[in-house]
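Structures are listed in the sections that come next.
Across the two complexes that follow, chain A remains constant while its partner is chain B and subsequently chain C.
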Partner chain A sequence: MTLAPDVLALQLLTGLALGALYALLAIGLSLIFGMLTVVNFAHGAFFMVGAYVGFFLYGLTGSFWASLVGAPLAVGAVGLVVERFLVRPLYGRGLDYPLLLTFGLAYVLVEIVRILFGKQGLPFDTPEALSGAVDVWVGYFPLYRLFVIGAAAAATLAVWLFIDKTSYGLIIRAGARDPVIVRILGIDIARVWLAIFGIGAALAGFAGVLAAPLQGVAPEMGDTVLAEAFVVTVIGGMGSLLGAVVAGLLVGVTISMTSLFAPEMARVCVFALMALVLLVRPQGMFGRAGLLS
Partner chain B sequence: MLTVADLNAWYGLSHVLQGVTLEIGQGEIVAIMGRNGAGKTTTLKSVMGLVDCRAGSVVFQGREILAEPTHLRFALGLGYVPEERRIVPGLTVRENLRLGLLASPNRARETLVIDHIAATFPRLKERLDQFGDTMSGGEQQMLAIARAMVSDPKMIMLDEPTEGVMPVLVDEMLSLFVELKRQGTALLLVEQNVDLALDIADRAYIMDHGTIVHHASAQSLRANKEVQERYCSV
Partner chain C sequence: MRPLSLALTAQRARDGTDALTRRRVLIAALFLGVFPWLMPYKALAINVLIYGLYAVGFNLLYGYLGMLSFGHAAFFGTGAYGCGIVVARWGKPWFLAIPAGVFSAAVVALAIGYLAIRTRGIYFAMVTLALAQCVYYVFFQAESLTGGENGLRGVNVRSISLPGVSLNLLRPTTKYYFILFFVVVALWIVSRILASPFGAVIEAIREREARARACGYNVAAFKLITFVVSGALCGLAGALNAIHLSTVPIESLVYETSGLAVIMSLLGGTGTFFGPFVGAAAFLLIQDLTALWTEHWQLIAGAVYMIFVLFFPRGIWGSVLEWLYR
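So, the complex of A and B:
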């Protein structure tokens, strides 16, 4: 079968919009793992809670912009509480303790949302100002998806500037590589870890509210996305911001392109891509070797 | 300035510090010597709060700090240059120095402080925007010391500062230590090279099996070949 180039180009854009969401999730996962060595299995649930907070705020205020700002703030606050009271007591006990904790927490969050909003998924209307399609030269493309790409790019840029250009960022970069010297130089690393967990959760919440108009909200919406976000993190390299972005877009495009030819193969292809990358570079595309050893 | 009394520390089940007692005053250079595994590094780490100490007392600037976290000990004016140097990979020399300033009041005059340090360490000045971990071992040691100095600590603990450093840099380093002493900074020095340590130290403690076995002025220790032979020879 043959497909016109313009169809391929539009599908590529769709893949980028999907990939932008994966990148947001993977940046958070990667930051949290790179700094705290916590494999956060609640990240998909944070994404889902972000979508529901957005849904709730949208209904309450009638403003999508309010939900776009409120959802990451609310989920970030949840992240702060989770790190401070649940994850922190487990530091120094090995990888599996926080992993199991966040794994269980994800179930708790999903159940809470089911109790509050019901088991059924709910529709989330695309905001008026962002609905419709725009001419992108190769054809018409939904405006909202372009907005997702732009918003994710803006958030990523903000995180990058924060990490690369500010004093807090210097602490984060140093703390990811050597937390001991950061403590010796007088910095309370526990506060840094708290902030990182909060930022990672906020990014997941932001991705959730961005995704809501594309797919509606459902208590289980975080489950599949979590698996894909982990794949992205592994492909990009744990702890690498650039890796999260590149691999996020790559996985998004892989999914959207295979969906065009063989939809049932889309997820398989993503895992095949991961296997391929790991065969060539076990630490991922931009990861440092030996982070887990 | 610092008084350590009957300090005990454990690594798991092994009792590595068994009642260490020592003190150091303002502007003093004090050396801790002894064989590998005697507990010298652990003593410094314990004073910095990097080892779980469950018994004894560490009083710095009149304040009991045994239970205080490491970052608070820094805030009280305690600097530490660990044996591994811990130059952060992927950060430039300037960023490594800035890291030493972030928790210090000197942060407000960062440019001034870094200019001053660059004047003190010409070798670092040329390399400010180079990655710290790409420099030679001796230069990295200089950076580690400079990074501990930027916050103007009242006391600096140095673990094997001259190890693997070429002689010309060692000379630079020793004159720097003497200058720091002149400015009133206390230096607690762990050193394998006995002659070198006794050259600049006022007093020395000798450790063996996690405890202080000998304490004397540098002068009398230099003459006491028997003690040197017994506890410090390899």
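So, the complex of A and C:
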């Protein structure tokens, strides 16, 4: 097989589009973990619910933009309810319990979607305005994938600006360092946690609706994504936004590049990458050592 | 960080002062001996045996060592495929196939455990989940050996001839007692491990790892050995399931199967000897009864599980024990 550089370049772009979705998921996971020390096993289910809400709104309004805005809002609202009524009673009971609970929640969410939309996966058409291919100098590339990269980059930038540049972000960063001191300073940390869980869920929902035109929607679509999002957070380092972005793109590119040479090895390669990182640097590329001990 | 009451229970258990604990394997064997007649039908009883053993294997790791794995489907599935391939592909008898399944599960557990125990706490749950997913992809791709997406067909062990007797496994009752034999042996092994100094050390690691290390125990080695034993027990459950079903579905390896061990152990009560069996029976009964009037039994099972996590974290059997030793 001869591989021209332009084929490689296009495959690299495909990998970046995939990686952008992983990065969005990993940022949500990382935010929730960094603040609440909750590993959200329902993150894959939030991704799936986002895709289905997008599917529903697309069918209802005929506008992809409506689903692009509506899905994150809806999933964010679900996240708020989940944190307030299901996760909050478990704080102080050990790290395992929120994890076990969100795992059960994923189970229930998948089944609710099956009841509402059926067990079979459904196709999701690429919106008219974003279909087709554009000339990206090395060749023609699907416009929608470019849009995914752009939208994910915009969302990531927004989250980074919010956390790093605003006064709310200052509270969030302080809360991740030491929630007790923040509370002593007179800030209602419970509301911050609620908001963070909502934002993390909304990011997962946004990734879900972005992914829907690429792969369609199916009740089980969150399961594989959850495992891959975990791989990304393990590689990048839990609690690090930069790590989530770098590792997300790295994993996306790894998958797309290996599927060029050995398609059947593509998924396995990602786990090999994680194993390598674990052997060399158990806390992940950008993680702080001892964060989880 | 177990509440004092349960710690005391464990203390009594170790002292051997408690009749229920001292004779736990005998009690389990006697109860499981009459169990098929308490169930609506025999196939359900066999499922309780197999998934009960699966949950027991998981519980050894989570309940006693305190490490939460979300990847035990890898061992259940490898055990099933290991046993199934020896029978269906190579045409060897069952007494080679079952040990082959257990052994291959132990090897996979050694590989996954070696990587996973480098991480702690909730990282461990994520890494085991991811590595189990990797095992799934490997078996999925090795189509010539495993049958890929369609699963492995033709794991036919119809009759077993022992010196003097011939067992017809097509009879559900005979099959039940054939499987029960292995389950009781496994329970006896688990009971011995828990009653040994080794068992005391792993519980010490669960309570406070730093202190166990300060006492001079090689914590990493204890973790890895427990992980492998736990994987081998789940592999045995998988191997028995392959013989029970005559096939190995690819679903044996998926994430939901890993979750099943978690759900069953938590429903029954983690860190208790009988809990996993109680949980497996409770879960399968919920599944069986709700499936009569709705195909969406997962919704009910998931909701019941969440209620237990929120309000009864000790599970059914754990709550009974707490009430007994008030």
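Points worth noting:
Assume the second predicted complex is superposed on the first by the 292 of 293 C-alpha atoms of A that agree within 3 Å, B and C clash if a C-alpha of one lies under 4 Å from a C-alpha of the other, contacts with A are read in each partner's own complex, and residues count from 1 in each chain.
To be clear about the criterion, a contact is a pair of C-beta atoms (placed from the backbone, for glycine too) under 8 Å apart; a residue touches a chain by one contact, two chains touch by 3 or more.
Predicted model only: the values in this text are computed from it and were never measured.
When the two complexes are overlaid on their common chain A, residue A:G118 makes contact with neither chain B nor chain C. In the overlay built on the shared chain, the residue A:A174 is in contact with chain B alone; chain C does not reach it.
Once the two complexes are laid over each other on the shared chain, residue contacts for A:R183 go to chain B alone; chain C is not touched. The larger set of touched chain A residues comes from C, when the choice is between chain B and chain C. When the shared chain is aligned, chain C comes close enough to touch A:M274, but chain B does not. In the overlay built on the shared chain, the residue A:G94 is in contact with chain C alone; chain B does not reach it. The part of chain A that touches chain C in the complex is made up of residues 39, 41, 86, 89-90, 93-97, 99-101, 103-105, 107-108, 110-112, 114-115, 223-224, 226-228, 230-231, 233-234, 238, 264-265, 267-268, 271-272, 274-275, 278-279, 282, 292-293.
The touching residues of chain B, when paired with chain A in their complex, are 48, 50, 69-71, 74-75, 80, 82, 86, 88-91, 95, 98-100, 102-104, 147, 151.
Residues 167, 170-171, 173-174, 177-178, 180-189 of chain A are the ones touching chain B in the complex. The touching residues of chain C, when paired with chain A in their complex, are 1, 68, 70, 115, 118-123, 125-127, 129-131, 133-134, 137-138, 141, 254-256, 259, 262-263, 266, 296, 298-299, 301-303, 305-306, 309-310, 313.
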